[in-house]
Every structure is written in C-alpha cells, then in structure tokens.
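Could you have a look at this structure, given as structure tokens, before my questions?
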Amino acid sequence: MIEQVVGVVTQMALVLFLSPLIAGFIRTLKARLQTRRGPSVLQPYRDLYKLWRKGMVIPETASWIFTATPYVLFATTLLAGLLIPAISAQAPLSLFGGVLAVVYLLALGRFFLALGGLDTGSSFGGLGSSREMTISAIAEPALMLAVFTVALGAGSTNLSVVAQSALGQSWRFLAPSQMLAFAALFIALIAETGRIPVDNPATHLELTMIHEAMILEYSGPYLGLIEWSAAMKQLVLMALLVNVFFPFGLSSDWSPTAILISLLWFSAKLLVLAAAVVLVETTNAKLRLFRVPELLAVAFVLSAMALISTFLF
Amino acid sequence: MIFWQDPQFGNRLITMMAALVLVLQILMVAQRSIVGNIRGFGIQSFLLASIAATIAYFNHATQVYIVAALTLVFKAIVLPLILEQLVERIQIRQEIEPFLNAPLSVIVSGLLTLVAYIVAESLHRPEQGTAQTSLGHNTLAVALALFLIGFFMMLNRRKALTQILGLLSLENGLFLAAISLTYGMPLLIELGITFDLLVAVLVLGVLVYRIRETFDSMDVSKLSRLRG
Amino acid sequence: MLLPTILIVPLAAGALSFVARRRRLMESVNLVAFAALFILAVALVGQVLRAGVISGWNGFLHADSLSALVVLLTAFVGLVCSIYAVGYFREDERNQVFEGGSAGAIAVSTLRKYYALTPLFVFSMLLVALADNLGVMWVALEATTLTSVFLVTFYGRATSLEAAWKYAIIGGVGLSMALLGTILTYYSAHNILATETLASLNWSVLVTHAAQFDKTTMKLAFILILLGYGTKAGVAPMHTWKPDAYSEAPVPAAAILSSATLNCALYGLVRFYVLASRCLDGNYPGRLLLLFGVLSMGISVPFVLIQRNFRRLLAYHTIDHAGIMVTALGVGGPLGAFGLTLHMTFHTVAKSLLFLCAGTVFQHFRTDLFGKIKGGAIRLLPFAGTVFFMATLAIVGTPPFSLFQSEFVILRAAFTAGHYVSAVLFVVFGVGIFAGAVLHVGGLVLGPSEPGPVAPWYPWRDSAVLLSTAVLVVMGFWLPTPMFDLVRSAAGIVSGAQ
Amino acid sequence: MAGLLAYALGMAAGLAGYAWKRTGAWFPKLLCFLSLTGALLELAASLGALFSRSELAWSLSSGIPYLTYSVRLDPLSAYFVLALSLLAAAASVYSFDYIPRSLPGDSSGVFSFFLNLLLLSLTLVFTASSVLFFLIAWELMTVSAYFLVVFHHESEESRKGGLLYLLMSRGGSGMMLIGFLLLAVGAGSLDFTALHGIGQTLTPSFGAAAFLLLFLGFGVKAGIIPLHIWLPAAHPVAPSNISALMSGIVIKAGIYGMARVFFDFYGALPVWAGMSVLVIGIVSALLGVLYALMEHDLKRLLAYHSIENIGIILMGFGAALLFRSFGYPKLAALALVAGLFHALNHAVFKCLLFLSAGGVLQAAHTRNMEQMGGLIRRMPSTALFFLVGAIAISGLPPLNGFVSEWLTYQALLSGYGATPTLTRLAFPVAGALLALTAALAAACFVKAFGITFLALPRGEEAAKAREVSFSMRSAMAALALVCVLLGLGAAWFLPVFDPIIQQVLGFAVSPNLVAGNGLILTAGSLRSGSVSTAVMAVLLMLLGAMPLLGWLVWGRKSTRAAGPAWDCGLPGLTAENEYTATAFSKPLRMIFAALFRPRREIQAEFEVSPYYPKAIRFESEIEPTFEKHVYDPLRHSVLAAASWMRRIQTGSIHAYLTYIFVTLVLLLLFGVRG
C-alpha cells in the first residue's frame, strides 16, 4: 500500500517535471542540428513560470468550455501518465486502466481541446480543431493496431503485464513483429505529438499550423497548462514506446535503489528517442495536410504486417 | 333384326351426323356473310336435335325426346330468328372481317379438330367396349372440336354479333357432348341450361344494340378504352 | 323450411322493387329484405352448427357448413351494401350523374334497375351456395353473370358498355367451359351410378362415390372446371374482365361483385376440387391450383404498382386475393383448407369495406384517378379517408387486421407441405402488392389537401362503413366461437375430412 | 405487466380525446402521465425479473386457437424491456411540454394514441413468446412508428421518409416471416420455448437460409448497411420525442430479434455466420460514422450515428458467434455482454441526444447546424446534457459508452489468442477499425457540439433562442444521470447480465468480469486487462483540481480580462468569420473522397477584382452511394418491368379471349395425360 503511494507520487513528479526537460532538449538539439545556438534546455521551465505569472485575456465569445478545457487536458494527460510504466515495470495505477484507457484519456483531452478551439469563434480555432481531429482520427487505427500487436504478445492490455513480459524476454525487440510495430508506433507518436512532418510546433502560419491554431486564443496560466500538458503527453507516449519495446533497466518494483538505476536508464532511452525525433524533424519538410494520410497509411500497413508476422513467426 | 333397330346402325347414323355438324362448323368459319352464319347455326342446331332424337329412338330414352324438341324449337328456330331480326334492326354490312383470312382460319380449325381427337383419344377405353363408350369417345372428339372451333370463331371475329354466334356454336358443342355421352343431362338441368342460353342471347343482343347506338359500329375491337 | 325462405326473400324483394313507383319504397324494400336475409343467414348458421347438414325441397337444396359460411358472408355484404347504396345513390342524384342529368323520374327508373337487379343477383348467389345439384349450381352461377351485366352498364357510359361486353362474353365462355366440365363429371360418374335421375348430379351423392370415377375424364373435367369457375373468380389469365367491370359498376354493386361473387365462384371450384381430390389424389388438382394461384398473385403485382385508378387498384387486389385463396386450396390439407375458409371470411369483410370507402372518396372528389386528387383526403373526409387507409393496410395483410393471420396460416400450411417455391413467391408478391397499395393510397389519403370544407357525417354511407369497420377490427383480435366453429367445419368439408 | 394496461389506457384516452374534440390543456398531460405510469410499471417488472431471477409468463387466449397472446419475461426480454421503459419514461416526461408546444392543438389525442400504441407494441415485441404474436406485435410497432413519422404529413419530406421506412420494413418482415416459418416448421410449433436451439436440428441448408433471412430481416429494422437508407430519411422528420424513441429503442428491436435468434434459437453456428455478422458490423460502424460526419442536419447526423452504433453492437455479437462456433463460452460471454451493454448504452445516450436536439429545434426552429451556434449561453443546461451525451457516444471515459466499447475491444483482442486459422487476423483488424470509428465519432461530435452550441449564433432564430421548459430539461437530466451512473457504476451493473448469459451459455458471467469488490472491470481476468471508470473519475477530479489549487496559491496576482478574439484584422468578429460544419468536415471529405465523390460548385460575383468578391455561393454535396448505385436502379428496373407487364391489359377483348384459349389448349394437350 505504502509502495503504491510512493509509486504514484514519484511517477507524478516524474511526469510533471521531466516533461518540460524533454521538450527543451528536443528544441535545443534541433537548434544545434540546424547550426543555431538555440535556447537553453531549461527554457520550457522558464516559459511555464512566466506564463503562470502573466494575466490572461478570455475572448468575449468564449463560454465555460473554453475555461474548463485546460484543466481537463491537464488532468487527463497526467492520469494517462500514471497508467504507464515509466521507471518501474509496475506502473502505479495500471490496475485501473490499461493501454486502452491511456489512449482514450488522451482522446478525451483532445476532445475538449478541439471544443476550446471552436469556442472562441475565430476562424483559426475552428481550422485547428478540424485538422487536429482529422489527423488524430486517421492516426488512431495505426496506433491501436500497433498497440494491439504488443498487447497480443503479452496477452494483456494491462501495461504493467506487458512491460513485465517484455522484461522477461529481452532481445525480443529484434523480432520482426516488434520492429514493425515499433516503426508504426513511432510514426503514430509523431502524428500524436504534432511534430514535423505532420505538424510544426514552431509555426504560426495559418496554412500550416494545427495545434497552435487551436490554442491561439489562450494566454497566461491557461496557455501554460496547455503547453505543459502537451509536453506531458509527449513524455507519456515516448515512455510507452521505450518501455514496451526496450524494457532493459526497468525495475520490477519500487525499491529506491532499483528506481535510481532505472531512472538513469529511462532518461537515457528517452534522450535517444528524442534524438531520433529530432533527426526526423530536421531531415524532413512538413507534409501538406492531404499527404499526411499517406504517411499514416504507411504506419497502418506496418502495424498490419507486424500483426501478420506475429501470426507467422 | 331390321336395321332401324340395330344400335350399330344408330351409332353410324349418329357419328355421320356428328361429322356433318363438324363440317358445318368449319364451313361457318369460312363463311363470310353474317346471315349465312346464322342460317348455318340453325342447320347445325337442327342436326343436333335429330342426333338427340336418334339417340332417344335407339336407346328408348324418352326424356331425350323432350330435349330434342327443346333444341329444335329454341336453337333451330327461335334463336336464329331473333338474331336475324337483330341484324335487320341494326343495319350493318353483311360482311365479316376476321383477323385471319378464310384459308388460314380453316387450317387452324383443322388443327383444333386434331387437338380434340388427341384429347378424346386419352379418354378412350377400348377394354370396356360398350357401344356407348365407343360412341362416347367418337362424338366427344367432335364435341370438343365444335367447342374449340366455336371459341376460335369468337376470338377471330371483330363484330359483336359474330362473337355471339361463336358462343352459340360453342354451346352446341356442349350440347353434343351432353347428349351423346350421357343421353343428356337430367331434364331439369337441360331446361335450366336452355333457358340460361336464351337469356344470355337476349342480354347480349341488348348489349349489341346499345353498342351499335353508342359507337355506331359493331366492331368490338374498337372497344379498347379500358386499359392497365 | 328455412332454406326456401332464404331464397324467396330476395326474389320477392326484387319483384317488389321492380313494380315499386317511388324511390323511398325501393330503398326500404331492399333494406328490410337484406336485414331479414342476414337474420335468416345467422339462423341457418345456427341450425347447421347444430344439425351438421340440412336440406330442403327433398334434397334439391342442401346446406352444410361451407354453404352456410358462403350464405352468411353474402348476406352480410348484401346488408352493408344495401345500407350504403341508399346514401350513395342519393348523392348521385344530388350530383345529377344519371342520363339527362336531372333528378326525379329518370333517376327513379334508373335506380329501379339497381334495386330490382341486386336482390336477384344476391338470390342467384345464394342459390349457388344452397343448390346440391352441380347442374343447378352452374345455372345459378350463369345467372349471377346475367343479372350483374346490367349492373355494370348502370351508368350507361360508353366505357361501361365496353366493360359489360367484356364481362358478358368472357364470363359466357368461361361458364361454358365450366358446363363442359360439369357434363364430363356427370359422364365419369354416369357409368358408376347408372341413374338418369336428378340426384345423380347431386354433390352429396357424387362425393360418396368419387373414388371410383373414371380418372382421365375427371382430370379433363377438373381442368375445364378450373378454367371455367376460375374465369368467374378472376384467376389469371382469365382475370382480364375484372378491373373493367369493377371500375364501371356502381360502387355497392362492385363491392358485392368483388367479395360475395368471388366467394361463390370459389365455392363452385371447391365442390369440384373435393370430388377431384377424392377421385385422383390431392396432388393433381393441387399442382394445377398452385400454378394458377401463384400466377394470379404475380400478375396483379405490376398493375398494383403502377395504377392510376383506385377502383381498378382494388380490382387487382381482388385478383391477388383470388390467387391467394386458390393457392390455399392448392396447398390443401386441413391447414390449407382452414386458411382458405378463414381468408374467405376476412377478405369478404375487408374488401367490401374497402370498396365502400373508395366509393365515398370517389363521390367526394368526382374522380377515381389518383392523379387528379391532390391528396389530403384525411382532412377533407376525416372518417372515410382514415378508414380507407386502414382498410388498405388490412387488405395487404398488415396486423392487427386479421388477413395477416389467415395469410400466415396459409403460408405455414405451404411450408409444412413443402411447397417452398410457391410460399416464397407468395411472400415476395405480397411485398410488391403492399408497396403499390401503400404508395398510391398513402399518397391519396395523406398530404396537403385542396382548400375546401371538411365533409360532414354522411348518415347512410358512413354508418355502413362504420358497421363493417367495427366487424373488421374486432375480428383482428377475437372471433366469436360459433363463427370460428363454422369456419373450421367448413374447412373440414374442403379438405374432405368427413 | 400492468404497464401494458396503462399503455392501453393511454391509447383509449387518446382516441377518446380525438373523438371528443374540445379538450383542455390538461388532456395531453394526462396522456403523457398514463404512458409514464406504464413505463414505470414496466421498469419495475423488468428489474424484478432481472434481479429476482424469476421468469414470469402469462398468456391470454383469443377466440382463435392458432393465436394466443402469450407473453414471457425471460432475462433477455426483461433486459430490453428495461431499456425500453427507461426511454419511455424519459420520453413521456419530455412530452409533457413538448406535445402541447410542437403539435397542433387537437392532434395531441391521435398523437399519443400512436405513441402509446408504439410503446405497447414494443413491449410486446420484447416479450411475445409465440411466432405469430411476435410478428403481429412487430408489424404493429412498424405501423404505429410509421404514423408517428408521417405525423406532420403535410410535409413532402416526412411522407417520403415514412413511406421508405414502411416499404423497407415490410421487405424485412417478409424475410423474417419466411425465416421464422422455416424454424417453426422444423420445430412443429410456434412457441418460442419450443424453438430453443432449433437451429441445430434443421438441415444445414435450411438452417443457413433461416439464419440469413432472419439476420437481414432484423437488419432492416436495425439499420445495418446496406439496408440502412430508410433510417436517415425517417428518423429526422419525426417529432423529436419520436426520433428519440426510434433511434433509441425501435432499432433495438432488430438487435433484440438478432440476439433472440442467434443465441436462443441457434446453438453454435458455422464460422461464416459469425464472420458475416462481424463484417457487416464493421462496415455499418465505419460507413455510418463517415456519412454522419458529412451531415449538417443535426438530426440526420444523429440518425447516421445510430447506424454506427448498431455496427459496434454487431461487432460484439459477431465475435460472440465466432467464439461460440470455436467453443470458447467464456469469451462468447464477454463479447455478448459487450454487445448487449452497448445496446443499452446507445439507447440511453442516443435518446438523450435526440431529446436535447429536439430542444434545440424547438428553440432555433431549424435542423440545419449552419444556422445555429452560441446556444450554450442561451440554453446552458440543454448544452450540458448534449455534451454529456456527446462524450458518452464518442466512447470517451469515464462514461458508459467507453465501458461497452472497452469490453468490445477486450473481446476482439482475446479473440486473436483463442481462435485458430487465419480468421484470428480479423479480430485485431476489427479492433483497429473500431478505433478509427470511435475517433471519427469524436471528431463528428466535436463538430456537432461545437458548431451547434459554441461561439456566435449564425442565424437570428438561434440568437433569439430560449432555454426549454422544465419537464423537457428534467427528462434530459435523468438520461444524462443514467449515462454517468452506467459509466461509473458499470462494475456494479454487470451482474444484470448473469441471468441472460446463464440462459444462453449456462453460467454466470459477472464473477469473471468484476474484481476489486465491484470497483474494477476486467476482461475475463485481472491479468488480461482491467479498467475502473469510477477510480478514473475520482482521479480526474483530483488532478483537475491541482492546477486550480496552484493558481489559488501563486496565480492570484495574474489578472483576468475579457477581450475580443482575433478577427484577422477585420472590424469585429462576426458569425461570418466562424468555421462552418461543412468546413470542419472538409479535410475528411477530401481524404475519403473515393467514398463520398463530393461535388462542389462555387458562384462568385466580383466587384473590382477577383480578390474582392461581392457575394459567393458555395454548394457542396456528397454522392449518396447506396441510393444511387443500388436502390435507384432497383426501383427503376422494377417499375420498367411493371409498365412493360402492363401491356397485358391491352383492352382488346380478342386478346383476352386468346389468353384463355391458349391456356385451355395447352392444358388440354399437356394437362390430361399428366
């Protein structure tokens, strides 16, 4: 019981305070790859702090939906973060919701975010919501199918069970099915976290922006919450990816020493994955909106192949 | 025995007259004038009456005499008179324009006779070879032929009156069948039937008259306003 | 002594209204006669249920439960129509549709035709049901045609002449075929019974010896009977006269034609079917009947689907139902026969009702073409319009109305007997008929209507409609036990149980 | 069963009221009250039957032996009666004010006559236990629903919709009729109890034929694709409380029939049967939601979502059938529970959505979403309830939609491990497509809610909109509450399914599916996956409160001002700047262009240069695939054939005589020797 509480607290802290770091790391690394100096890795923390202190402007047209959205987004993302195994294979709350719960909690957040976008009445908001919902919708099957492939391997949708079974058989990630599934999930990750080539978090051109367009009207603490949730979502998905496919160093309980080791492992794996994301971002140009489905179709085919290969081998 | 008591002779006689009736029918098919047709029908009825009489005589079936008498009175005399009067009343061209011309019609009636014989054949029971059944299958064939040809006349002719004639000769076929197969139906039925026939002719006559009035033509093939 | 009275009442009524001078007199004569007739019919049913078979005039008349059923139905239709007719013809006079277009003397002389002929018409139908002798039955059936021809020409339009001519000629041919069939039956029985007496054509006598009849002759006879009485019943392809005659006759007459006369024709067919199925086995007549039944159901579908005239629509419905009943007969067996008699009962009520409603709609809009009516009959004729739609739903076999039940029974019989093809076709055609009916009548009853006053309550017509509506609705949920026993024992006779 | 009487009373009163024209304002209220009583009584009866595990049955004989009004409330029936009476109660409370406001004065009698008739016949459909009685109740339901759909029969649209509905239902009931007769003849009895497991005893071909006919027959009513076209035509045109009942429960009659046939009359079916149900389910779900996305008629949109959810239910059924044919009763139980539970859930939230849509219609006088907007300020509670329904139907946690979809996912997943051969691949793919469906549904309801309720009103009607009356709101509130309860308390509710599964598969299901003393919902076992909506809900509250706390502690000083939203530099933000429903769904319209075949035309009038249009008329529509490529050709060919056949009746007597003559000769030649 006490271990449970420890687990919850630790992981909540981890998700809350590690996520801006990852965001900052990606930003910086990207800058360096583009031979810019770029902001410090800690910039996101500063941004959040600043936004937190700022006053905010609520559009007259907006209703309570606009106000509720940041809280819902924050809560759902954080809860999703508590359902996944981050540093311990035994995710603190995995009993109360498996991988399906994670996906659907994120979906709930997105639902409200899109409503918030529409609520302002400005055309940008609607534009953003429309695109966001479209892309997430067509990303869903690929994501789910890949997740299923993993879950089928473990015979469970409970992420702790999945992680433990992965832990049980290291080197399993070399199996073709796992690699294909990983590739598919990676693409899904890029789509879900709104990174190039699907979306460009840095742009504010009406033609290209998706996520940014939705939150255009948000300011001050609300904007802070939303940015923070975005960072957490990114962390959650990345953690899911690394721990399910590359479980090494994952401690199977919450004993302090094991935690420390696995924390190191975890950060290392995250950094590698982040680096991969950055590589993709810098080496690709953003796709036109109507080319995105093709990319996600590729992801779907990959995960379908993954499925079939588990059936064959 | 003397030949006029010999039932075989009776059979021959009957068959001969039946054949005559059939020939008459086919002639009527070929016949072009209405009045001629009516007269033909009269003779046909007369022959039928005499067939009835013969049967009555040879089989000592007294009630058939009455049937014969009825036929003579109504079919051979009254009906033709009524019809001719009708023809007088409505001055129509004495021509019959059939859909098929005369030779074709005759061929068709020949075929129909063939059909009649085929059907009658299947009813033929040589094993129980009583005079009556053999007589039966022979005259039944003729009767069926009369029936079919009468029917054919009805659908081959345009004028209302000629359709009535067809119906009548068709009825003659029935009469022949009844009289020759079973020495006639029970008397009461015969009466009923003859009465019905008479009424039918009257009704149809009235209709013909009114058609003539309304359409000033007897051509029932023009009566095709009610469709679908 | 009951049977002769049943026959005499309508005869007397006919004679009386023939000499009657005033319209009111003719109306009352008819009303009284048909009311009396209905009571007598009920009494007859009671006796038959008690005694089984009763006969009068030393066996000339003969009533078993089947004939009792037909008599009852005929009497019912006669009563309803006679009530309706009063209102109907008064409305006609108001609209001045008779020759000369004037009310008064001409109208009375025209009306005499209806009021004198209808009782005779009904008389001949009753005779069909009550005559034991097949020959007499034939004569009576022929008489139904002859008496109803002038009902068809009632309005003396060119089209009604045309219709009458077709009716008379086709009917005449058909009945002569039936006569030949009768003669052949007599012949095939002749060798067995070897009597010349009237009784040797009595159904009750024949049916006991039917097994020994000459098979081939009986086959030939049955074919001819099927075609002959089939023509009278309007079974395809001998159905062609029906739409013309029904749409030209005055509505009450059409109602009688389409329900009671159909029953009589089927009654004749059934009598011979029993003989044939006793002589041959049930298969031979069964196959023929199924063939024609399904054919006539199928033929009526396209005409119902694209129909411009609602009285003709109803005529095609009648053809469809003739097909259904013939199919039921062909399926045979206790269940099939039961389905037949049940359906006969329900159809008689529903179809006559339908014609009466159609009549009211026709008189209100002065046309029987769907195209000329904008719709919205339900607003202009709140009562008749509603009932019209309701009865249409009933006639196409929609629950809770009872025709669904009888059709279900027939289908079940067909499946049990293994006639899968006919059964499936039955259902398919049923859907087609339903589509056509609802399409047209729905469009007529619902929708926006022309502006105009809402029609008042028509005392005669609407009460007649109300009467048979009540009967129809009640029958959907509950059939009085004696009525049911009658239907079932009639079915027993059809399937040759006793 | 006393509820039946109350319904009957309602009908009687309705008729009476119709006959006796002058009725006061109390009259419609009385009628609604009667149906409400009926609903509550039914509710009691069904709950009693479900929890007391007692099967109550009675039968009443008509004068007609072959027809007995026999009624049996076995678990399956009780379950559907439960759903029915929930909705009936809500709908009748809703009608208290809806009927007098939205219907012409004197018609309320007829209306509630048919309303009560509909409820009565539905109850009978769910409880009738003899084939003939079932069919009668079925047709009664169809007809009464038809009259309610065409209640505003002056409008062309509702007549067309109603007609289409009636015709297709008749086609369906034709198929059912044959199917039932095949079964009944095989059993030699019309009684449902005698039909139990009859499917096994039939010859394979008959069994298959009966199965397909019944599946399609019920499918018409359930609105499976491609037999769905009547549904979006008929549901929207009905008065809103009727649309709610039709989309909520009438189509469930089809589901009930399938459940009854698949799991009661048949034992283990061959694989193809389950597979076809699964595939039809997938197709209906996906196409249903895709078509919904393209709608901007609020009620048509909801109608298409009914098709989608029917598809999801059928996925559960199909999986159950497959598991059964492969011999995994436990998995079959899981899938069946998923399907049945989703049936109930959909009934509840779809009714809720239609009722709130009805409120919107009454306020904004249009079904076209492009005319709405900003209603959340004018009718806050309606908006809230619609939002609850939207979250539930999108399958988002922690509401009931999520639970049943979660169960469906779990069932499909476990299918992979269990089933042999390539068929196993079908399950995960089905799961993925279910995911796509759910995501699209979410997108669609973002559009529906966002465009309808948020931002600025697009029409002056919408601007003048007022909140609906108390009784209507309380009906919605009740249903919303049920959504929440079924969502959070799912684990407590599951034991309801025990008697049903007991009846079908012979064991209780809840022990496998519930853990953590009724807090956690599992997929057969804790290891194979578990979820707890209740805990989730609590945690969401707490976590949501965190930033609020933080804001209270540190963020005090941060000011909070109201300002105009960014209007792209134009003078002031107007409704013209808003995103429209059409625009919102445009990306998906483009992506699935292969399916939609969109057609667009733009007419613009320019003033000086093509960059300054004076007026633009934009028109875009998608091609109704099934209507265009399946149904229209069918209709045309039938009519063509008919008008060709019509030539038979030439009007020439000679032709008529010839028909008879030919028949005669042929019969003479071939009939006699036969």
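Per-chain residue numbering starts at 1, and chain names A, B, C and D are given in the order in which the chains are listed.
One rule holds in what follows: contacts are C-beta pairs under 8 Å (C-beta built on N, C-alpha and C of every residue); 3 or more make two chains touch, one makes a residue touch a chain.
As the structure is a computational prediction, the values presented were derived from the model and not from experiment.
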Chain pair with more C-beta contacts, C-D versus B-D: C-D
Maximum centroid distance from subunit D, chain identifier (CA atoms): B
Centroid distance [mean C-alpha coordinates] between subunit D and subunit B, Å: 70
Rounded Å distance between subunit C and subunit D, as computed from the means of their C-alpha atoms: 44
CA centroid of subunit A to CA centroid of subunit C, Å: 79
Between subunit B and subunit A, distance of the C-alpha-averaged centres to the nearest whole Å: 101
Per-residue multi-chain contacts in subunit D, two or more chains: 646, 649, 653, 657, 664, 668, 672
Shared interface positions of subunit A, touching two or more other chains: none
Multi-chain contact sites of subunit B, meaning residues that touch two or more partners: 119, 122, 151, 154, 163, 220, 223-226, 228
Pairs of chains in contact (touch as defined earlier), listed by label: A-D, B-C, B-D, C-D
Residue numbers on subunit D that touch subunit A, as the complex places them: 374, 376-377, 391, 394-397, 402, 406, 409-410, 413, 416-417, 422, 424-425, 428-429, 431-433, 435-436, 438-440, 442-443, 445-447, 449-451, 453-456, 516, 520, 523, 526-532, 535-536, 539-541, 543-544, 546-548, 550-551, 554-555, 557-568, 573, 575, 577-579, 583-588, 590-591
Residues on subunit D engaged by subunit C in the complex (per definition of touch): 62-67, 132, 135-137, 139-140, 143, 150, 153-154, 156, 159, 163, 166-167, 170-171, 174, 177-178, 181-182, 184-185, 638-639, 641-643, 645-646, 648-649, 653, 655-657, 659-660, 663-664, 667-668, 671-672, 674
Complex contacts: residues of subunit C adjacent to subunit B: 133, 135-136, 138-139, 142-143, 146, 149-150, 153, 156, 158-159, 161-166, 168-169, 172-173, 176, 179-180, 183-184, 186-187, 190-191, 196-198, 200-201, 214, 216-217, 220, 243-244, 247-248, 303, 306-308, 312
Residues of subunit D that touch subunit B when the two form their complex: 646, 649-654, 657-658, 661, 664-665, 668-669, 672-673
Residues of subunit B defined as touching subunit C within the complex: 61, 63, 119, 122-123, 125, 128, 133, 136, 147, 151, 154, 160, 163, 167, 170-171, 173-174, 177-178, 181-183, 185-186, 188-189, 192-193, 195-196, 199-200, 203-204, 207, 210-211, 214-215, 220, 223-226, 228
